[in-house]
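Starting off with a structure, shown below.
The first chain written gets the first letter, and so on, giving A, B and C; residue counts start at 1 in each chain.
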């Protein structure tokens, strides 16, 4: 019975997701390239060459560093903000609405906004900093990646806030009331009651955001394009350039599939964690 | 209105048999109540009759039609659910009219029938309201009105009174009875409340673990329970059941009564009285320690204990309480002919 | 303590609002004002906004609207039906609720190459069909997932009642269940539209010259020519303002929806 309702969805998903996935897998095992005349099956060669590709290694390193720092910052700031918002009484809806907006802006716009805000000649922020006597080159070799991380934090902390706030608001009241009667301090309540109860939500939020962060593209595309050197080269950017700059489709597909593997690992962890939590509650 | 007949009805989920072979006839124009503890299969049976579940095997006949393979919408039944299932996005009028529209009743006839049903349930002044604006009792009336308006072959009630407070529940019971007598409806009513079963039913069907323990009139299941399960389920407070040894040794029951053919004996609390009130001879006589006295108003429940054994409950009139003190010992007796005897398998024996 | 909390929130509000404010101001600045960020006063000009109208920004916005509306429409129809099956019948087994999300988490990089090749071979390069198909890959799962949560919240008894009253399964679904999840469909649709509206990666690769979406157009301002900065800011506002308005409306429902439906799985 259910299949009658489900069939259209399934057919559509197979067509636009299933087929491309399989085709991509096939591509990654070839040396397909738009500039070549012939395409031949090369087995795992593409994957093997990735291991020796130092640019790819750099991109992978950058991406991992990016994900770790960005998500960690978003979690900490997001948690603090969610706690603050939960307690807020005045102008609640307006504040929340405004604070949530960054996650809804198209990322390319965010990237470009910050590119010019932080630009040495044209940007307002370096201008303000120079009034204070501080000169920072936001897109220089040492600061470029942290700047990109900061942009991601600006845009995606609200996402964490959204999930954490929803989680906080669905927590039961009784444990907190009991803690008040027992005389626990704010910090103690946070550490021993809020945090443990919130753990499943935090786990989901971190995993969702982390998996999404791996796909970082727009900010780099808008600002440094991978530079200076390859300081801000990320995986998705590299795939874009390899596949649609150099048109080496087989190689791009292999890079993409490594990413898929990472995502699958993360998703499996997420699924296990969710099932475990479901059984425990 | 029509009779409903179930033959060898079985419903299996994976390896669990929720309904394990039911043969039952529910006569036309009567109220048949399926009663039993949670998980006994009564609601599953009702849902099978409605067609909301499909039978693993067996047949269902409504009137002279075999409906075993028919969809719910073709069975000409009306159902009232525990939570009333009033469509929250429709007015009371549209809720009541819903089933009629499904059967292509329109225009003047629709209006007339909706109004008649609403008046019968005293909700005609609420027709323009939405369910969220009604009290629990009013919602229940609308739910019943929605069922009545369809003039179906039979009504199915799935614990409709469980969500009402105690007073309202008693009031609605009387209402349902009045309506049934007026309309001559065939009703299949599911409940876990044995008191509700006793007051509403022409016929009580006591179910346990997917099978029928007994079918009979309220008087029959009360006075002649077929099994120990029925004896204990029907009647409040619950019948006292002890093994024959205890009956002889502690309750002073005569050996002819508590003998080897009867592994266990049962005594209803109202048959355990203060010895001085039992004047026509007794089947058992014993001293007991009065542990707790629960005053109900006209009656009181006494919890009696003797030498640390299981407690015996006695239901005495409030007037007899003068002689009773919590914590003290007193003599009690069981009137003649008030003992029910069960064999080792739980069946009642003469 | 309360002062620290309020101060923190206010600080965050400033951090969030500052870039918007800057963009709004910049959209009214002429080239001289843009080149010199140290001046606080400037004479506002509408040149940039005129550039928006003339320069194809509105065309690309229209394309984005079309893509978004079509994507959401398809996703709502297919996704709602599928979600109903998953919620009511558990179609596909217990993993399906979660498996649906898998598609959304797939990196666009892995799907875009085949989509590109197919579009190329079918000669669809200058239409929006390829973009719509690519957007569906992440919009469909999101809509379905939301709707599963909303359907879960409707008690099964309503359908049982409707079926006993005389409707079949689909009739019951249409008349009794669907009206109750309409608010949910609305919220999911808005959220999905925003996802489609904001996409750059797929549109960048799959759009032809005439079918650029708004984010692609904005990306095309990615040069260092100062004269384009103002127009770019205006174009950014064209993209951002509708979303902010939508966000205001959806915000409360999102929080409630996620804590009520979405976080339960």
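Of note:
Throughout what follows, contacts are C-beta pairs under 8 Å (C-beta built on N, C-alpha and C of every residue); 3 or more make two chains touch, one makes a residue touch a chain.
On a predicted model such as this, the values are computed, not experimentally measured, just so you know.
Distances between chain centres, each the mean of the C-alpha atoms, put B farthest from chain C. The central chain here, found by comparing per-chain C-alpha centres with the mean of all protein C-alpha atoms, is C.
Averaging C-alpha coordinates per chain places the centre of chain B 55 Å away from that of chain C.
Chain C has its Cα centroid 17 Å from the Cα centroid of chain A. In terms of their C-alpha centroids, the spacing between chain A and chain B amounts to 59 Å.
The set of chain A residues touching two or more other chains is empty.
Residues 155, 157-158, 160-168, 171, 175-176, 179-180 of chain C are the ones touching chain B in the complex.
On the side of chain A, the complex with chain C involves touching residues 1-6, 8-10, 12-13, 16-17, 19-21, 23-24, 27, 80-81, 84-85, 87-88, 93, 95-102, 104-110, 112-114, 116-117, 121-124, 127, 154, 158, 162-163, 165-167, 169-170, 186, 201, 204, 211-212, 214-215, 217-218, 221-222, 235-236, 239-240, 243-244, 249, 252-253, 255-257, 259-260, 263, 267, 271, 274, 278. Across the complex, chain C meets chain A through its residues 1, 5, 8-9, 12-13, 15-17, 19, 22-23, 26, 34-35, 37-38, 74, 77-79, 81-82, 84-86, 88-92, 95, 98, 101-103, 105-118, 133-134, 136-137, 140, 144, 169, 194, 197-201, 205, 214-215, 218-219, 221-222, 226, 229, 232, 236, 239-240, 243-244, 246-248, 251-252, 254-256, 258-260, 262-263, 265. Note for the complex: chain B touches chain C at residues 47, 50-52, 71-73, 75, 77-79, 81-83, 85, 87-89, 98-99, 102-103, 146, 150, 156.
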